[in-house]
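There's a structure below that I have some questions on.
A, B, C, D and E label the chains in the order they appear, each numbered from 1.
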Amino acid sequence: MSSMQTVSHGSVFFSLVNRDIKLAWSQGGGSLLAIGFFFIAVSLFPFGIGPEPQVLARIAPGVIWVVALLSSVVSLDRLYQADYEDGSLDDLALSPLGMLGVATAKVLAHWFSTTLPLALAAPALGILLNLPDNAYGPLVASLLIGTPALSLIGSVGAALTVAVRRGGVLMFLLILPLYVPTLIFGVGAVDAAVTMTDPLPHLALLGATTLIAFVVGLFASVAALNLAME
Amino acid sequence: MFDGLGFQAKSGDFVSLTGKNGSGKSTFLRVLAGFIPASEGAMGFSVDGESATGVARDSFLMVGHMNGLKPAFSLRQNLQLFSRLMTGRHIDDDSLLEAACTFGLAALLDESVQYFSSGQRHRSALTRFCLVPRQIWLMDEPTVGLDAENRQALAGLIQRHIACGGIVIAATHDPMGVSGQTLNMDVFRPTGNPSVDEDWL
Amino acid sequence: MHRFANPAQFNRLADVVLPWAIGLTVLLSVAGLYYALFSSPPDYQQGESVRVMYVHVPAAWMGMFVYMVMAAASFTALVWRHPLALLAGKAAAPIGAIFTALALITGMLWGKPMWGTYWVWDGRLTSVLVQFFLYLGYMALWQAMEDEEKAGRAASILALVGVVNIPIIKFSVDWWSTLHQPASVMRLDGPTIDGAMLVPLFLMAAAYQAYFVVVFLWRMKLEINNRKLSVMRQASLQNTETQMEVAG
Amino acid sequence: MSSMQTVSHGSVFFSLVNRDIKLAWSQGGGSLLAIGFFFIAVSLFPFGIGPEPQVLARIAPGVIWVVALLSSVVSLDRLYQADYEDGSLDDLALSPLGMLGVATAKVLAHWFSTTLPLALAAPALGILLNLPDNAYGPLVASLLIGTPALSLIGSVGAALTVAVRRGGVLMFLLILPLYVPTLIFGVGAVDAAVTMTDPLPHLALLGATTLIAFVVGLFASVAALNLAME
Amino acid sequence: MFDGLGFQAKSGDFVSLTGKNGSGKSTFLRVLAGFIPASEGAMGFSVDGESATGVARDSFLMVGHMNGLKPAFSLRQNLQLFSRLMTGRHIDDDSLLEAACTFGLAALLDESVQYFSSGQRHRSALTRFCLVPRQIWLMDEPTVGLDAENRQALAGLIQRHIACGGIVIAATHDPMGVSGQTLNMDVFRPTGNPSVDEDWL
């Protein structure tokens, strides 16, 4: 009956990560569908813009990055809200992890189940948009380095809007401006490759953005979550 | 908020919170669990002599109006998950079956929670108290939607817990069938106007 | 129609048809491939790459045909609430998706030598892509709800809405005169393509059709067995429940 | 006590429209936020693609139309779900309107409160993206004619996913392909104006699409809603 | 689904549905309201001699597990809206106040529903029965979360309705304090195995 038994925090942490990944891939599966959104939204652009290969090639890195942003936000929408609405956020608050652990686990799970697949799916869209051959490497590299920032920043927005019904769209407003630096450095790296200059400085800046997002994002998320639970 | 509210609970106590709708029972439970910060002075709740705010969060187990179940998972998965998230340990099938039997859910273990009736969901949520050993149980209207048989099972469960030195605090409108202190929240409602104090800011 | 309503009867019928269909598939594809690869002439414009046509065109036809099968099944399921029709739609969808994907992929591979690019955004290509997405959406809806019956009916509604896309595929080449070539076989005034190409084309089309029948029947039997299994599981569950009630 | 009192269906209908518009503009306000999304997402493109005026001008009609699609889907997400979750869809089903009336009223309210403002806000974004002067008229005209189709088709997706948790992203997958004809004709009209040809045939086709969407969309929505309530 | 289930209700009847959790009370209420199609033969429910499927939808008023309130609106707005959506008529302030008094909500009329306690929400949902005159009331666990005072108010309301020739069908685990028929759903559960029939389709 004593609560003083030692608990393995690592095991709790990974149970939560594991749960969230399973939920993301289960019924209604957030992950597969975010990738679906990514594909469909990117393929709408040629309809809108017309089929000329040079124009498409010119805008390809920008469009892929912008749509990656949008689809990551779309799937972030319910990052905390689902747990808040069904009461499991209350349970998690009483778990040995503490809110910081909870937020970290959930962001990790989101990145792994949703944003990472986006990065890996991007080359396929490059073909659709006629991306030059030498740009594929930097595209994937920039997405791999930059996407954790998307999950982390998005987590702040998701936590802030958790108590608001129809938070989804409000979140876009809060989040998208904060995504701008990631977007600029990410596209910068790909464009550098296209124009045959060195993408490394851009990637380094991108990495720095992700690190900052890591620290600021997690703490801001925790503060916002504690607020929502009151 | 809760002017003059104060009570002591010690090992083996059952406290039932009663009071009109809106008298603050649910809010009070959330204050106890530490979700809502309370100004120390206003509330004199203490557990085993220690002030409530000093009690570690992981002494508590709570069930509120929502049930914290994931409809995509089966009942078995939900219970396993809850146990792992709260203790870090995997629960073996025998203990799981035993826990599920408390509220007669054994036959539903491998069904998806999505299709449970409201009472079945609520019983699934109550089963958590059989899974994770913690000292202080906070229950918000635990009898809601239960049939007669399961109300008895609940009373039995609570009785066993307090017999082992646990503490149970339950907000309820129904008689719980367990004897203990009763705390009528109506008494503590701020009488008259909330004072608009110059020192308020 | 209602004679096949009964799954047992359906299973018996399927068992009769299946061996014939399998035989036909083998026979037709061997003959079709022989004609397509060896005994038909290269095109005077396109050279040897014209042989992609014998894979591409029937696949494109089957993509649309299977969609119509799926839509008809959906209609039956919604209007007459016929559970077997629900399963028919479910069984057909992945096959149609694969045919459509095949048409897309062979089209892209063909496009590189012919048009100099894998992909252009003309009406035909786009509407086929939309059809592919519709198949995916149909299957995703089946997955998204656990209640099979409800999931199937929701997916059926989507399938019927998507029928609008079929005439767009068919007539897109006429509405937007673009890169993809207009119909030369299925036209009102008779085919305009050479007989030597027509033979392997039709052989391959028939082979695809027979292949569809085989896989479709297999998948139907599978779905029926799955359904039976879940009914039996339900039954045994209720059994234990009543036993426990008696015991307790 | 009799239920035989005559009720004014028109009055019920407009009460529902009115309620939905109020809700869209209230707390969490779907409308303002869809417009916000529209603005922010469009302004991400210059960051992603670079500021060259000719490139922006070239892609402006397409980008504006595609993002209008995306933001309309984003706000459609909870068209029926909010009512389903809080139980008011059950109430509406017992109202004298019937499900067809309910769906019509809700789609009308959505169009008026959310998609129409997008059409009206589009010229401001045209300026951001350097849209040629003679394209503003056709842009607004095409959006005015095409946006009802967005609400109508979206309504089908919203109704189909109403009983699905995390339906939002699934909806994208179902809806966006069906938006393609609207998009093509809409952009076609604007592009025609840019290239100095006649936009009218495109607008006529767009109108036809909207009409088809009207019939198919409403009936499919009703069927899907009845299904969800079972 | 409901094998052999049948009952007659006529003007002035109160029927209470009882039964274990998961016995199908909520489902049965939704069948009655016409949300779930029922195969005619399986169910013999009739109202005033007419088969239930023949009863017009707008004879029913239902309150289920969810309460159909919009948190963004005040209670007054919610009630006005409900009345307009169901009857097409605006309700005047006096009638509104009277209705709100039934469950003691007069003081909360201009509060936003968002901040209501669970019982206050549930009472707000019950208030609909005082707003819109319809013959057949379907109630799913109407006593849940109500304090003693409001349970009495509910019993009074039901009594007045059946005295005026209405019909009330309520699924409940608590005694309702109104006399009438009782329909025990446990009796109608499919006994034995659901047959695994070759003709199952």
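Everything below uses one rule, namely that a contact is a pair of C-beta atoms (placed from the backbone, for glycine too) under 8 Å apart; a residue touches a chain by one contact, two chains touch by 3 or more.
Please read these numbers as outputs of a predicted model, since none were measured by experiment.
K.L.:
Smallest number of touch links from chain A to reach chain E?
P.N.:
The distance in steps between these two chains is 2.
K.L.:
What's the minimum number of touch steps needed to get from chain D to chain E?
P.N.:
1
K.L.:
Could you tell me between which two chains the number of C-beta pairs in contact is largest?
P.N.:
So the pair of chains linked by the most contacts is A-D.
K.L.:
Where the centre means the average of the CA atoms, what chain is farthest from chain D?
P.N.:
B
K.L.:
Quick one: report the Å distance separating chain B from chain D, using the average Cα coordinate of each chain.
P.N.:
About 45 Å, centre to centre.
K.L.:
So, what's the distance in Å between the C-alpha centres of chain B and chain A?
P.N.:
Roughly 36 Å separates the two chain centres.
K.L.:
Roughly how far is chain C from chain E, going centre to centre by Cα mean, in whole Å?
P.N.:
That pair's centroid distance is 47 Å.
K.L.:
How far is the middle of chain A from the middle of chain D, if each middle is the mean of its Cα atoms, in Å?
P.N.:
Their C-alpha centroids are separated by 26 Å.
K.L.:
Provide the list of chain B residues touching at least two other chains, using ranges where the numbers run on.
P.N.:
Touching at least two other chains: 65, 72.
K.L.:
For chain A, which residues are shared contacts with two or more other chains?
P.N.:
As it turns out, chain A has residues touching two or more other chains at 27-29, 33, 36, 40, 47, 50, 165.
K.L.:
If I count partner chains per residue in chain C, which residues reach a count of at least 2?
P.N.:
Within chain C, the residues that touch at least two other chains are 126, 129, 133, 136, 140, 144-146.
K.L.:
Which positions of chain D touch chain A when the two form their complex?
P.N.:
Checking each residue of chain D against chain A gives 27-30, 33-34, 36-37, 40-41, 44-45, 47-50, 55, 58-59, 61-63, 65-66, 69-70, 74-75, 77-78, 82, 164-170, 172-173, 176-177, 179-180, 183-184, 187, 191.
K.L.:
For chain C, which residues are in contact with chain A within the complex?
P.N.:
117-122, 126, 129, 133, 136, 140, 143-146
K.L.:
Which positions of chain D touch chain C when the two form their complex?
P.N.:
Interface residues on chain D, with respect to chain C: 156, 160-161, 163-164, 167, 170, 173-174, 176-178, 180-181, 184, 212, 216, 220, 223-224, 227-228, 230.
K.L.:
Would you pull the chain E residues touching chain B in the complex into a rising list?
P.N.:
These residues of chain E touch chain B: 19-22, 24-26, 65, 116-120, 123, 141, 144-150, 173-174.
K.L.:
Going by the contact rule at the top, pick out the chain B residues touching chain A in the complex.
P.N.:
For chain B paired with chain A, touching residues are 30, 33-37, 56-62, 64-70, 72-73, 81-82, 84-89, 133-135, 164-166.
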